[in-house]
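For reference, chains read A, B, C and D in written order, and residue numbers begin at 1 within each chain.
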């Protein structure tokens, strides 16, 4: 094992320990219970942002992740409330459904690049919201409310996940679930980026024509990547629906789509863990500035602009972290 | 590594600011009341009128030495959280309120926010006072939400009935923004109108929230030539444009809405064209405003430069919370005590002339008392001012 | 029937129209195995369009391309590439932010045996692919004499190395026919001569090479045969000596104001 | 039907003007300016302040809007976009900056002008009514005419003035323009200022009809994006065409689909997606990737 590998494993261990042990410990000691929800949100939003990052990775600006998050939230909510399916089964179905929609939409629109793709995805967010308002199965404007908390998941009588409504602290349970999702999602991303798959994606991002002429099936690859991206969006959205126990057509709107994209930019498009850090800073930053009252938005935007001026290639372009983040 | 350092810096910053916060008010014990709502972006007016009316009232109370609950005088502090009209943020806001040990929170302002905070509020023992109408929030088994205003399915029938009797209205048309809250309000308004025997000649036309020119939207509606045009759930920003476009298209019937509006905005945006426009308001019209209401308006204007008539209805939530706590001081830390008091609570309404009372209502709509009895004041706009058309009460 | 070997590529009546403009007009010729064939012509003669159609990057308006007697027009570009007909482009024919070795690794994609999910999970096929790709990449780089720049970023390379990289990318696909688009453009005498010998050595590996080129001196030295296009039409075909004395060609070039072409 | 066409024309003229500034900035710097709508709102509020509050003649208030926005645009280009574009490795990164600026302007608007909807007195009273076939208030007709005149003036400026030609050269090919001796830095700033000024102008014009509030910014930007896409990104004539087409689509869509209310915009948006998927470069644009 090389030194580099050893460092990586150490960094991973440190990350896992801080997410699953240190942060809960600090929260318990300091009594800031409300950070659980904020961090849960960060974890889930960073899963959706990871999807956007993946589409950036194949050279597409994706401002449509809100649409897939909303689709995911509705699929899960409908399955749980109308079909009585366990949330834990509905979660992957929500992701898969979002992925399927992505394949259908992606086939025609992934041919586009640059702002053209960006605009279509932006319109897509609005289309899904309007469809949610118009379709009967989504219960229209009234939304789906009073969704039960996730129930028990057991296989052969062995309880894998306890019933959330029965446990003492569902906040903590949601936090652990969200973090587990996040870790799984970023592990998958890391693997994609550092395998040949990642090289193929980068070849597409940098020169689609050349990639095509050396035999890369870019049409197939980009649909697959877009589907994975939307899968992340769907899962993130479904989980949010479970926490809020309600879904409305306006649960994820254009602003969310834009936020997902901004998370990626802020963290750095060249770094796998960019969207995670970007989400943390953008989302958590807003909460921290809560004390500023009416100047909250002013200070928030000024800080944001300053960060962009100093680090136009994202937060992670500060090289203090070669150990943790593989530079692409 | 990075994440951890940000986290600890954050905790430090928060601790520091909280320490400062508690130093400022030292004389009386502090009672914190929360506000979670939208104070930035397109719908900012809703939340800001809410927040400002609470801050005005709190400053006023503190100036005169505090609010007496039990044997203690409390200073009131308003803790506000801007949810940006995003249900995810609203949950974070409610968590923050729980963190601050707050048990009474005004808001959120929209349906999806109110629905989203419900799990947190119930788990953390928070009573919240949304300005959102979904009945599920107020009907058992839900018990922590209290509707902060008159719902449109309550005010609508009162207005329609009045217009049928007094103005001979027979046909009605609805127009709403293509968004959850206005659409729900349109649907319930439509049901109410039909129950009263009105014929709905147009109820399907909607507009995008970001519409700035309503002529194309209204053209087909006006063609149906209704006696009454209802602007369901219209935001104060859109109301003057809608009125203006309708009048310019030659519409001569009545126009009404079941949401609160601001006279200044109507005056600027539609001028004389808004004459005769019927909306729901609070109690600031001269006919019914008490001295206390007038002083409230004066103080609000002092503090923030300009009054917003939407605050007429929004002044009540804070007053109700404090008065109910005064009636049963045990409620300060225990919302179950508060809930028990709600069923019997009654106090004079300081903002209205006459013998109006503050009490909790809602049994006929929700099966339990989970609504503030805010006077249902129906105003008509005339030459730049609101005049009271009728006053009613909801049960 | 005659005992003539089937040509590697047969171009038959290939036509492409853009709106009212005819970019190539019923162009036909054959490409034999192991030859170096150049396509020349004044600017706008339709050379690049021709290459694009041969590799399916552009749909044909009419006509067809046969590869070893089988029709390949209308196939997807990456399928054509997989059959061994590979095109490299002008200056931009690189992956800017990749190293030379990474680019060459990517270029071997059409020889991969593992599936995408295989690469994700690191299946046995994927691992053996990676090994063979690596060996092959090193071999190609040393063959072209550019091993020392293997870990340089493409965006940092000088002109000459860029072209070599372009050829390396083309060569790593293990092509049957390599279509080079202006490989000598913007090079000085020295660089051009190096490149010429490089192209020749590629052919000596058994690869058929097609060129689109402006540099007459290089074309004349390197080509076995030359096709001349003018205004989308083929006006001449033959050995360098034949072309140099062809009246149509001389007229086409004199008639054009293209003075970079020194005939 | 006449009413529908009149509505469409009127909507189209105002949309086209909004899209013009956006497409100019896009053509020059390849920046998708998310803050364009906020600039429009500021234009509206400045005119409101001068004309509505201080009762200065409308035309001067309008000029004040233009001047404010031109200066603001120049500053934003000089100190924000310029440096970031030079230093970022992927040009999309400017989107984050644009969004940051949009947030900032939103915050400033909220603090300076407040949360309420604002309106100004009508500049012309009366309604043109052609036998109930076309009903159009005179102020709308006036604004529509001014908008069309401004568009014509802008196009002439781009074609016949030295600055305009330099800007067009810049838009076509930055490198070539630099080689031809165009001062790229200076003209980028002028172009951005001009784009912002257009936003201010249309904001100032429309405040007389639609009023203004702080929430109009974001949706306006998005609508402007759509128009630019329909016409073709970075093409002036495309933006104008896009504006008129979207205006017509809305007018016709709302008239035809009004009984299905909820799905009018759904239909418009889906049609847009299909159109863009088939013809990504829009009506007049060149493919860009």
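Everything that follows uses one rule, which is that a residue touches a chain if its C-beta (ideal position, glycine included) is under 8 Å from a C-beta of that chain, and two chains touch if they have at least 3 such contacts.
Everything numeric here is computed off the predicted structure, so don't read it as measured data.
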Problem set entry | Intersection of contact partners for subunit B and subunit D | A
Exercise. Taking contacts as defined above, which has more of them, A-C or A-D?
Worked result: A-D
For this session: Compare the CA centroid of subunit D with every other chain's and tell me the farthest one.
Result: C
Exercise. Quick one: subunit A and subunit C, Cα centre-to-centre, how many Å?
Worked result: 43
Exercise. Taking each chain's centre as the mean position of its Cα atoms, how many Å separate subunit B from subunit C?
Worked result: 71
Exercise. Counting in whole Å, what is the centre-to-centre distance of subunit C and subunit D, each centre being its mean C-alpha position?
Worked result: 46
For this session: Give, as an integer number of Å, the spacing between the C-alpha centres of subunit D and subunit A.
Result: 33
For this session: Note the residues in subunit D that touch 2 or more other chains, in rising order.
Result: 106-107, 110, 218, 222, 262, 265
For this session: Would you pick out the residues of subunit C that each touch at least 2 other chains?
Result: none
Seminar exercise, completed: Multi-partner residues in subunit A (2 or more other chains touched) are 130, 133, 255, 294, 297
Exercise. Of all possible chain pairs, which ones touch?
Worked result: A-B, A-C, A-D, B-D
For this session: Using the touch rule from the top, collect the residues of subunit C that touch subunit A in their complex.
Result: 55, 57, 76-78, 81-82, 86-89, 92-98, 102-103, 105-110, 112, 116, 119-120, 122, 126, 129-130, 169-170, 172-173
Problem set entry | subunit A-touching residues of subunit B, taken from the complex the two chains share | 1-4, 6-8, 10-11, 13-14, 17, 21, 39-40, 80-82, 84-89, 91-92, 95-96, 98-99, 110-112, 115-116, 118-120, 123, 134, 136, 178-184, 187
Problem set entry | Touch list for subunit A against partner subunit B, complex | 11, 14-15, 18, 22-23, 26, 30, 32-34, 36-38, 41, 45, 130, 133, 140-143, 145-146, 149, 170-171, 240, 243-246, 248-251, 255-256, 277, 280-281, 284, 286-288, 290-291, 293-294, 296-297, 321, 324
Problem set entry | subunit A residues touching subunit D - in the complex, by the definition given at the top | 56, 61, 108-109, 111-116, 118-120, 122-124, 126-127, 130-131, 133-134, 208, 254-255, 258, 261-262, 265-266, 269-270, 294-295, 297-298, 300-302, 304-305, 308-309, 312-314
Exercise. In the complex of these two chains, what residues of subunit B are touching subunit D?
Worked result: 39-45, 48, 178, 183, 202, 204-206, 208-210, 212-213, 215-217, 219-221, 236-238, 240-241, 248-250, 262, 264-265, 268-271, 305-306, 308
